[in-house]
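Letters A, B, C and D mark the chains as written, and numbering starts fresh at 1 in each.
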Amino acid sequence: MSEILLQAKQISKHFGGVTALDKVDLTIKKGEIHCLMGENGCGKSTLIKIISGFYRPDGGSITFEGKEYERLSIAESIGLGIQVIYQDMSIFPNLTVAENIAINNELYNHRKLVNWKSVKSIAKEALDHIGIELPLQAVVGELSVADKQLIAIARAILNNSKLIIMDEPTSALTRKEVDKLFKVIRQLQKEGISTLFVSHKLDEVFEIADQFTVFRNGKLVVADSAKNINDEQFVYYMTGRKLEEAAFTPEKIDHDRAILKVENLGLTNGFEKISFEIHPGEILGITGLLGSGRTELAKTLFGLYSATEGHIYIDGTEVRIKTPMDAIRHKIAYVPEDRLTEGLFLTQSIENNMIVSNIDRLRTAKKMVDYEKGHQDSLSWVKNLGIKLNELSDGIQTLSGGNQQKVVLGKWLETEPRVLILNGPTVGVDIAAKFDIHAYLRTLAEKMNLAILLISDDISEVLNNCNRILIIKNGRIVSEHVNTELDPHKLQELVTGGKEETA
Amino acid sequence: MEKKKTFDVKSLLKISSNNKKLLGMLILVIIVLSIATGGSFAKIGQFQLIAYLFPEMGVLALGMMLAMVSGGIDLTVIAVADLAGILSCLLMKAIMPADASMPVQILVLLVTLAFALLIGAVCGLFTGTLIARVGVPAMVATLGASDIILGIAVGITNGSSIKELPSILYRVVNFELFGLIPGTTIVFIICAALVAFLLNKTATGFKIYMIGSNATASEYSGSDNKKILTLTYMISGMLSAVSGLLMCGHFNSARSDFGKSYLTPAILICVLAGVNPNGGVGKVSGIVLAVIILQSLSSGFAMFPSISDYYKNLIWGLVLIGIMIINVVTATRKKKS
Amino acid sequence: MKGRNLLKKNEFYITVIIIVLACIIQVISGQFFTSNNLVDLLRSMIVPGMMAAGLFMVIVSGNIDVSFPYTAMLCMFAVTKWFSVIDYQGPVFLAFLIAGVIGMVLGLLNGVLAAWLKLPTLIITLGTCTIFLGITQGVLQSSVISVLPVPMAKMVTTNLFSVVNGETGLGSSMPVSILFLVAIYLIVGFIMKYTMLGRGIYAVGGDPVAAERAGFNVSFIRIFVFTFMGAIGGITGITQVTVSGMCQINFFDGYEMTIIAAVVLGGANIAGGSGSVIGTFLGVLLMKMISNNLILLGIPTNWSKFMTGILIIAGVSMSAYKSVLAKRRIASNILENGHKEEA
Amino acid sequence: GGSSTETASTENAATENADETTASGGGYTIATVVKDMSDPWALRHEEGVKEYAAETGNNCYAKGPAKTDSAEQIQVIEQLISQDIDALCVVPIDPEACTPVLQKARDKGIVVITHEAEGFEACDYDLEAFNNKEYGEAMMDELAKAMNYEGKYVTMVAFLSSVSHNDWMDAAVAHQKEAYPNMELIPEERLECEDNMNMAYEKAKEIIKKYPDIKGFLGASSYDPPGAAKAIDELGMTGQIFAVGTGVASVSGPYLESGSNPCVLCWDPALSGKAMCQLAVMVLNGEKDKIQTGLDLGIDGYNSVNVNGTDISGNAILVINKDNMSEYKF
């Protein structure tokens, strides 16, 4: 167990003026499960990309199984037995499941020709290894995010890997799938394979990790055994401050008045007989397994799908929502699930990203856009939400995930919504930013009397921030609960359907 | 109020780096050509000719730019110009009374212009619908639509020209303000100003940029992508129609094959102007500079009897590739520093 | 299950359209299903079909090439001219080889620029194609060559077989170059389906970043598809000469657009990542059936451009709209999943 | 051995250094604008211009668009007239569209001579190798002869928008209706083959399938007769169907031999290019009064021109067939 597999020494990396990594060290032993932690933009992904050969380091060296390298190429790294599951999974949407799984293996073996039989058997074997079943011939683009994640994992464990690096592998997984993944990781450990694991979720780290390393602003903060540390210390290491969150129990909810009321809402193939209401000042949580119809429900409320049956009422009057424009007209806002493709305009400035939803309201009497007002509005949201940036005219890519998410939130708040729907608002967002976002949501509910619908599979997020929680399963609401009557364990059980297999 | 004005002036004076590059290039082109021609390029007549000729292509390039900023491309510009020219000239001939007085003639011309714009808008509506609602990729949609539109033009004229146009169109296009500024230039300035206004001052313009950056996020942000995209192609169609009328005025006739070699230069102008072919980026000021550079080069080459027009193609291609290489090299250098 | 898969396939729809169109032409003119017409149809597919096979690869890799007609033109003139000047008498094979090599070099230029600049290849190849045109006209001073070098002239009259329609007395013969067409489709089909390179082309078209991370050499793949297209362009240039018996500068006018349309009609996604070689062949077939039968269908000549446009748009719209509708539906049935689990 | 059109035509130019009247003055700058510099026809025209320059010492050169596009051609003309030129010889793609710019040239005092634009007004003189109507009729006569004065035929042009092509065909069809009542124009009437031999070939094939009893193709573009002839040969209809029309020996040669292309008609653009320059010099020299019917420009086919107002036509129709094709090396 004590033999060192990989040692990164004094690694530095600069992007233009930004120092992404400043002389950091990382040591991984054989068969170890190692957690790499830190806030958004602290350099975790960058280090991973250096180890995988995607980036060339500006300084330092990497030692793998006793051999020292100035830098690794992608091919070298794969050849050494290093496999990476990237944050965005790097999966081919146009290819089949079987090919996606087997392709690395074929490349690694320098195959020139494709043997379709072996592709299928390799894929089947890999899926069996981690105990999942997926249609081998299905085109991956048509599968859910979780399935894609599982495919990426299945792909990585092939090739007699020695080190598997997972950059936030659980951000799109449900608890049940996380358990499955952990089981796989432990099994790999038994086989002597090390895992480097990046996550923002503390509970997962405690559950799985032997060792951990924390970065802050591109510098190494601490590296130690997971046994020697507790929650609070962890948060402090990562953020440099102390953060605590208490359950949300709003005082003044106007129970007679529902801002949003949904009655027997249904969507072909998506969900059916969904009924609930949200009152001003309330944060209603919806949780359930991935693929349970939560996202479809949110999208339907926002007009991205149009409901095939049922009724939606705003302030007691029935409304028809067929397009996002309808939704916005009725003061509904939607913070989408996938920030990069659905939320942000990556080639545009921060300011343009902030004013985009409100552009029609920025028009003056002469029908011109009042960009000056847009600028002022944006500035005030930057202040209110605590977005860290240099200039509003900078590109949005210069922001970290958490700050980008705050921009998306700010964009919607600028439209003065009455109903705010958030779908996984803190996926991949670091603890500090997550804390800020949660605090702000509570303020919105309490002070601004917004009706907030929070969709998430982060159990503690839902539990801490929602005063009522709906559990959705297979497109139907199965139960409704008040947060005070639940604890994390109970909620977990409810979501996974009671009988949870032990990991 | 006061504050706003200074804000505007400042933004006017602020020249983007791309425009600086273009401006430098324009000056270089003029100096080199003047020296090479022994000074005969640097004559007022030459510049007047350039000013007279560039708008036909310039107005087409404006339409092309809109499509490119929205993340697409419009290969129908020339077909639309020809069809609009033909149909509106037919109309003008039909409604122009014999011995019409000046005001009546101008009225008829305005009606003709409106009709041409209508034709352009209808063509744009067709391609825009294909792209935005039917989901056909812009390149393929405008490719096919171009055949259809040009096909109509050929079909109704049988390929022959519409001649003996009322003289008013010719006179307006060839009019010179203060005996100096050609009418075509004035038309171009109006079109460029309108497009600049659209892109920089209106919500629609803002949304065109946003759709070009990320169409999905744009839809999720509540913009009516379908409407905006359709509108973009309609405006592009209207600009093409204006260019069509300019050609009809220039040639004092209308036909289905005017300007068929203007397509590549129109795209070249956009790329030269810094319009991002992936969408989301592009400025009218860049187009203005780029089209003038191109026309100057073209006029310059014409002054050397030994440079055949074949080489013009060669040079266009080299300029296009050269510009892209320079852009990429400077971008990577910027990143490094 | 199998039946459902068939219905999902684009090839199935094109085949249906082709059959329907063939029947319509047959009913109107009585001339479609005649031996000479079918040979003519295949014959007219040789050059566009070869180009489409190359372009299919380029499109699957997520790129586009509009310069290949100009590559073909340049190679056609360069080789024919050169052989005329040296009064070449050797085997005709060398003409194809040299043209293929010149085409490869031109394609390589496209590929290197595409891999390096990472800009839309429509624009890059639009630039290079005007350069190629400029070279052909300016440097090579080409316009028409009517007297071919002997080996090439010989090939014009060498046919694989000839058919004569007993009823009308019309005959038609199949040039040897049909073998190139067959060979190129077999090669492209094999590369795309059975080699890692081919899978890499699909992978790059699906997600270039993921492909790079998986260990594909993305730049190499980009360069390869363009170089391959260039080689095919060069070879088709000579093929065209040996079919037509002369060189003319406007032989390939408008080919870039027609062939892109054919490949897209054949079901390839213009954004890259999907498409099949059989679909491409069917796309070219459909395209040629449309353009070569307008007169038989009785479309007045001055409306033929219009009709071609309408048919292209109709074909492309159908497959585009299908995917728009598919996007609006939910892929996996959430509700049904539930019933299964409950059961 | 192989020889291309271009090499063939240079040979021709070399042999033809004959009896030219040297124009006096010699210091004029005369620009010629052709339709399409990528067309051998235009290159041949340019040869004549260069030859004229060499013979007379005038500064004569040819320019033109790289593709047949009238807007481009007019840009070329606009740019030329902004320079110091004395005369402009133009072969307009679209005479109508060229009117304004050529009028502008004349207003600036530039002498304008046009070609292939019969009846054109914005010029000092329009010089035709022949009268368009006569040319069309001559083509029809040849076709009728080949078809034995009966049967179906179709006409072909480069573009439905090519003015002179359509004029010739209109004249030919009118002549047929009058003179050859047993011949019949099929309903398709006019095919558009874009100056592209392949296209002419494919369209001809299709026509033959649709009208198995067709007997004639009358082509206005020099690529139409050989294209159609190739289709005829391939379909095995040689001797039963005939293609006649504009053509040059170098391209139509094989089909003149095979008989599917009994004859082609044309004129030598090098000679007309020369004649235009000669005419321009005469006007510049103030010899307008000499330009009258019967004038001898000293160039083959223009030894006794017909002058009708500003329309001048020579007598330069060439009819090329199997027997005399060796005499025409372009």
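Note that in this section a residue touches a chain if its C-beta (ideal position, glycine included) is under 8 Å from a C-beta of that chain, and two chains touch if they have at least 3 such contacts.
Every value quoted in this text rests on a predicted model; they were computed, and no experiment measured them.
Peer 1: Tell me, which chains sit next to both subunit B and subunit C?
Peer 2: A, D
Peer 1: Between subunit A and subunit D, what is the gap in Å from one C-alpha centre to the other?
Peer 2: For subunit A versus subunit D, the centre distance works out to 73 Å.
Peer 1: Could you state the distance in Å from the CA-based centre of subunit A to that of subunit B?
Peer 2: Distance between chain centres: 45 Å.
Peer 1: Starting from the mean Cα coordinates of subunit B and subunit D, work out the distance between those two points in Å.
Peer 2: 35
Peer 1: Find every residue in subunit D that makes contact with two or more other chains and list them.
Peer 2: Each of 37-38, 66, 160, 192 in subunit D touches at least two other chains.
Peer 1: Any chance you could list the residues of subunit C touching two or more other chains?
Peer 2: Residues 133, 137, 300, 302, 304.
Peer 1: Scan subunit B for residues touching two or more other chains and write them down.
Peer 2: As it turns out, subunit B has residues touching two or more other chains at 154, 158-159, 278, 308, 310, 312-313.
Peer 1: Quick one: which chain pairs are touching?
Peer 2: A-B, A-C, B-C, B-D, C-D
Peer 1: Touching subunit C in the complex: which residues of subunit A?
Peer 2: 52, 54, 74-75, 78, 84, 86, 88-95, 99, 103-104, 106-108, 111-114, 142-144, 267-272, 291-293, 296, 305, 473-476
Peer 1: Give the list of subunit C residues in touch with subunit B in this complex.
Peer 2: Contacts found on subunit C: 64, 113, 116-120, 122-124, 126-135, 137-138, 257, 260-261, 264, 270-271, 300, 302-310, 312-313, 316-317, 320-321, 323-324.
Peer 1: So in the complex, which bits of subunit C are touching subunit D?
Peer 2: Residue positions touching the partner: 29, 31, 36-37, 40, 44, 80-81, 83-84, 87, 133, 137, 141-150, 153, 164, 168-173, 240, 244-246, 248-251, 253, 292-296, 300-302, 304.
Peer 1: Which residues of subunit B touch subunit A in their complex?
Peer 2: 4, 7, 201-203, 205-207, 209-210, 213-214, 216-224, 276, 278, 280-281, 335-337
Peer 1: If we count contacts the way the header does, which residues on subunit D are in touch with subunit C in the complex?
Peer 2: 1-8, 37-40, 43, 66, 160, 188-192, 194-198, 201-203, 205-210, 212, 223, 226, 230, 234-237, 250-251, 253-254
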